[in-house]
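Given below, in the form of structure tokens, are the structures.
Shared between the two complexes below is chain A, which pairs with chain B and chain C, respectively.
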Partner chain A sequence: MRRTKGTRLAVAGLVGPFLLLFLAFFIAPVLYTLYRSLLVVHRSGPLGLGGAENVFGGLTNYRWALEDPGFLAGFGRILLFGVVQVPVMILGATVLALLLDTASARWKGFFRSAYFLPYGVPGVIASILWGFLYTPGISPVSELFGALGIPVDFLSSGSILWSIANIVTWTYAGYNMLVIIAQLNAIDPALREAARIDGANAWQIAIRIKLPLIRPALVLNTVFSIIGTLQLFTEPLLLKPLSGYIDVEYTPNMSAYAEAFTNNDYGLAAAQSIIVAVTCFVLSFGFLKLVGRRGA
Partner chain B sequence: MPERASKILVTAVLAVAAVYFLLPVYWLAVAATKTTTGLYGSSGLWFSEPRLWTNLGQLFSHDGGIYLRWVANTLLYAGVGALAGTWLSAACGYAIAKFSFRGREMVFNLVLGGVLIPFTVLALPLYLIFSSLGLANTYASVLLPSMVSPFGVYLARIYADAAIPDELLESGRIDGAGEFRIFNTIVLRLMKPALVTVFLFQFVAIWTNYFLPLVMLSDSSLYSLPLGLAAWSTASERDAVLTQLTVGGAFVSVVPLMIAMLFLQRYWKGGLTEGSVKS
Partner chain C sequence: MTRRQGFRAFAGAAAGLAAAGCTQQAAPQPGRPAMPGQPVELEFWAWVPGMDEVVATWNRQRPDIQVHYVEVPAGADGAYPKLYAALEAGAVPDLVQIEFMELPNAVLNRGLVDLLPLGVSAHRHEFVDWTYEQVSFGGGVYAVPQASGPVATFYRKDLFDEWGLTPPATWEEFERVAERVREHDAYLTTFPTNNSEVLSALCWQAGSIWFGADERQWVVDVDNPATHRVTDFWQRLIDRDLVDTIPNSGNAFYKSVQDGRIVSLLGAHWHAEVLEGNAENTAGKWAVARMPQWDAAGPVRTTNLGGSVTSVVRGSRFPAQALEFALWLNTDPATVSDLVVKGMGFPALADLSRVPAMDEAFGFFGGQRINDVFRESSESVDNSWKWLPTTNQALEHINAELQGMASGGRSLHEIAVDAEAQIIRDLEKKGLPHRS
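Showing the complex of A and B:
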């Protein structure tokens, strides 16, 4: 009897602290956001100057959000961004991981560290850094392209989205590579040895043996990248002063931030955040379903 | 000699990739030694009238040494936040792995779902909650939410499942040790490899986080380093001196990081895919 009581106490003591903070800082905010997204500001008196109060508005905020062309454009932009950036980054990370895993690679430790380094650079600093590298007159990159006779403008309307994609790729490719390497290290060495004895070359081993076995790492990376893409905020915000083509609604998260802190419309901001969250869930689970079915 | 050719080819590709990842850092190192005019007037790839010490002196003394204050704040947020977060995740993950209690799977699934929640959904209401409690714009407003790491609980559970033998716990109990003593002395030690990963993961997550401090903090003496540098970067449009300070500040923040990454990256290799490796 005492044993069960002690165990129960132990479980409460071990799970309790985390659960309490999780409820306070994860669950409560989500519920509060849901609640606020259902309230609209109702103004009374002449010209609406008589005072404002929050009244239940049903899905009004959601309708407003989905009717806002700027918000929708931001959504479209972010989807386009993700469709291009995520595969490019995952592919790049996979190639680098597989190359580092071959017997032919030299200075593996140095290369691995070099690729992983940007992961620790905060988005703010990465954006400031690349911002300089995109600015004509400062940038050695523009200089280099100019000398080759190819004028490039990293901040033009057509290229700014891909300039942001480059910052994100630079920051996270090495992290993704490391996750893949961790999985490659878990492959049974006997498996490679057997394939090698059977006469498979390095290329065949990479494609036929390693690639299928690192699938879980690729799936994990892709899901995290999808979530990250939908939350894009820091990089465009920091590049905004440099490029006139980035507005306050450039990404859905920027829209929500502007609604909350510039326009003081928490209801609309909450609805926009919820729309981002739901899209996150749908795309993440959709992706998992998709790869799950193929794998079966 | 095809083997030699492939060695050269593979290494060449890896080297080109290294240039891509390191070039911005190299540019930053060079730029940190220049004057603001030198930034615009000289080649970005080579030094011009280097004066690193003068620049560093300006960086550390500007605005009453606020830069060092930001560094200290960031170390506080990331260090304390990650340490507390790791212990909390370890305790929760271990309990879910090794005890059976009502709602166990529900708690785990709820926590796992937390990984998918975008930060805007959290940060805006957190600001409203903290400001209604009078806690917005305090150290606590950034520290407390940073201590929650759902991903940490996930890793801790998977690792505890695999690495902690029930027999060991049982023998600890027979020897009369309490559950907390068992956790703090035996379990934490056994889980060390996973906990290092959780700590580093959380440390970097807090250190690179911009949104939470941006939303919470208005007093610049409480800023984290990214928030402070972003403020300088924005203000440099009006005050040109800040351009060099932003560059120098970014450089100084990246150097210790490069050193840390060199030493720490081997710890990252284990643990990251703990859950997805084998089954």
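Showing the complex of A and C:
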């Protein structure tokens, strides 16, 4: 079919607004961040209060960011978090999805909604809610464990990271499950039928038929989770006042936030943001490449 | 290219938004209203509870200068990010409440008007000396002092009486009392390992001056014998489980206070209001005493925790009128009295004889005239302490180190040395002259 002037106009009309917004709210801020990350402040006068000028500083901000032990520790923490939390969550979501997909499952609709419901709770609310359940002296959970003679402190230095992981898992497991269920529903019923006729039981069908076929959903979920992990911000920020063991550089995103909004160091904050973004790209594409190769 | 120009180049589309505040401030022109016959309108950001009522009083008295009060969340989590974002965007209020410890940073970011050319020095004698010192930097005066936070010991008098204890007069006694309190399955107090401001105040009392400024540069000295004396002391209490280590604010703390599991608090004047608001069920059971001393024989030494000022924001069209309001707010006896009752802290006003609230007996504290204790505390604060433009970062570095200490990893000497090195690096990043 030949493109007429009319279809060209229609395309422009449909894509134009998106492109405009994309440029204004994605590309422009990214470019501005890149630009700001190259500027450093020069000061003059007694006590440095005489005046300030932003001058080109090359990669100074990046050097400062990478020399900051707190910022790097944040990356280490996030990495540890991701290596544990992402597989646990994906595994949990997969098991839930497969259970709901078995022929004998009852009230599928109800459980599907129930598992998904936490995703509808905003991260801020979820963190406050769990914060109450973690706070010693208030938490019925701590009290229960205490009554059983098992003292637990969800906010201590050793457990706080996993308390955050629990909130994230609670929030997103249902969402991931839904993506997997969507893919399970897309599996051709004839395949299951054939397997069943061949004498495969539910377990064998799940492992041999369903799991390989939901691979794309699992990969997608994992990539989203890797990106989400690197962006970890709300949960630790809200638990910070409750625990003595979360500092302002707890995650790389929190570092960038603190540099920008409490330290007013926009250059350094920009450099840190770029580093987080690049790490996101490297890890998610690295993961895609890894699973792609194994698949081939 | 300056920051502003760079900002403008990229924010071309949003130029209208930025235009209002982008120009460098012109010379202040006292007393000229927006239009003849029209009242001057000022915007004021603060967080003292009940400030709206005080502002309403002003608005009734001064139809020519109308103040719009905007309540903002206190401190580093609310007011400051909002202020710095407003400065960046050029849409600023006229007046803001700022803590003493944040003031140098706000000055550094060229966010505040120098009040010296506007004649603030004529009012110097009206304020407590050290508070006026705290608002003066590099030959300018950047705020009208509002309130400080002289520290004393809040304690549960009923429980102390029941257990046959008296509030500790010295730190040595403090340890003994802490031991006795533990016998009753309670803690004397908590050492918040997430709040290095408390540690800074304790070191301030012991004679350690962490930060300061000479004529030309900022001074950092965290790693010194007085700091070690304080940290060694608290480390021992923590190791012996004689004090709790939860944050000294927030749900867990107030629950413990309500339940009588934490029976005292080394707190500032403004904590009276906070305690009352968060532990209503313990009303009448509290009392206030002087904070413990290192040297029982020497002169009384206390410390300060917090406190804030009223500043005029660079970009305000009416700095003279804004100053007039700020001075009224912090020197008018009836107004100050009102704010004290509402919990703003200990007034920075030198002459407190005309402030009725200062003589009040507090029902929450069993009818005690607690301000007598705080008045002595206010007069016993060492004057030489100043904050840095990087105070927030500095305190956060020490927080991170303290957490290491509380979980048993680091020695105190390492904490001080590490923190000092990090604080100096912060100053370097900001391009500020410094020495240690």
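In this text, the second predicted complex is superposed on the first by the 292 of 296 C-alpha atoms of A that agree within 3 Å, B and C clash if a C-alpha of one lies under 4 Å from a C-alpha of the other, contacts with A are read in each partner's own complex, and residues count from 1 in each chain.
Just so we're on the same page, a residue touches a chain if its C-beta (ideal position, glycine included) is under 8 Å from a C-beta of that chain, and two chains touch if they have at least 3 such contacts.
What you see is a predicted model, and the numbers here were worked out from it, not measured in a lab.
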{"item": "Contacts of A:231 with chain B and chain C, given as first, second, both or neither", "value": "first"}
{"item": "Of chain B and chain C, the chain that contacts the larger number of chain A residues", "value": "B"}
{"item": "First (chain B), second (chain C), both or neither touched by A:18", "value": "first"}
{"item": "Contacts of A:182 with chain B and chain C, given as first, second, both or neither", "value": "first"}
{"item": "First (chain B), second (chain C), both or neither touched by A:138", "value": "both"}
{"item": "Partner chain in contact with A:125 - chain B first, chain C second, else both or neither", "value": "first"}
{"item": "Touched partner set for A:159, first chain B, second chain C, both or neither", "value": "neither"}
{"item": "Partner chain(s) touched by A:258 [first = chain B, second = chain C, both, neither]", "value": "second"}
{"item": "First (chain B), second (chain C), both or neither touched by A:30", "value": "first"}
{"item": "Residues of chain A that lie at the interface with chain B and also at the interface with chain C", "value": "24, 28, 32, 36, 131-132, 137-138, 241, 261, 266"}
{"item": "Complex contact set, residues of chain A against chain C", "value": "24, 28, 31-32, 35-36, 39-43, 45-54, 64, 70, 131-132, 135-138, 157-158, 240-245, 247-249, 258, 261-266, 268"}
{"item": "Residues of chain C that touch chain A when the two form their complex", "value": "1-3, 6, 10, 13, 76, 80-81, 84-85, 88, 105, 107-110, 137-140, 192-194, 213, 215-218, 245-247, 249-252, 255-256, 259, 261, 389-390, 392-393, 396-397, 399-400, 402-403, 406-407, 426, 429-433"}
{"item": "In the complex with chain A, residue positions of chain B that touch it", "value": "3, 6-7, 9-11, 13-15, 17-18, 20-22, 24-25, 27-28, 31, 39-40, 43-45, 88-89, 91-92, 94-96, 99, 101, 107, 110-111, 114-126, 128-129, 144-145, 147-148, 150, 153, 178-180, 183, 204, 207-211, 215, 225-227, 229-230, 233-234, 237, 246-247, 250, 253-254, 257-258, 260-262, 265, 268-273, 276-278"}
{"item": "Interfacial residue positions of chain A with respect to chain B in the complex", "value": "6-11, 13-15, 17-19, 21-22, 24-30, 32-33, 36, 92, 96, 99-100, 102, 104-107, 110-126, 128-133, 137-141, 143, 170, 173-174, 178-179, 181-183, 185-186, 202, 216-217, 219-220, 227, 230-231, 233-234, 238, 241, 253, 256-257, 260-261, 266, 269-270, 272-274, 276-277, 280-281, 284"}
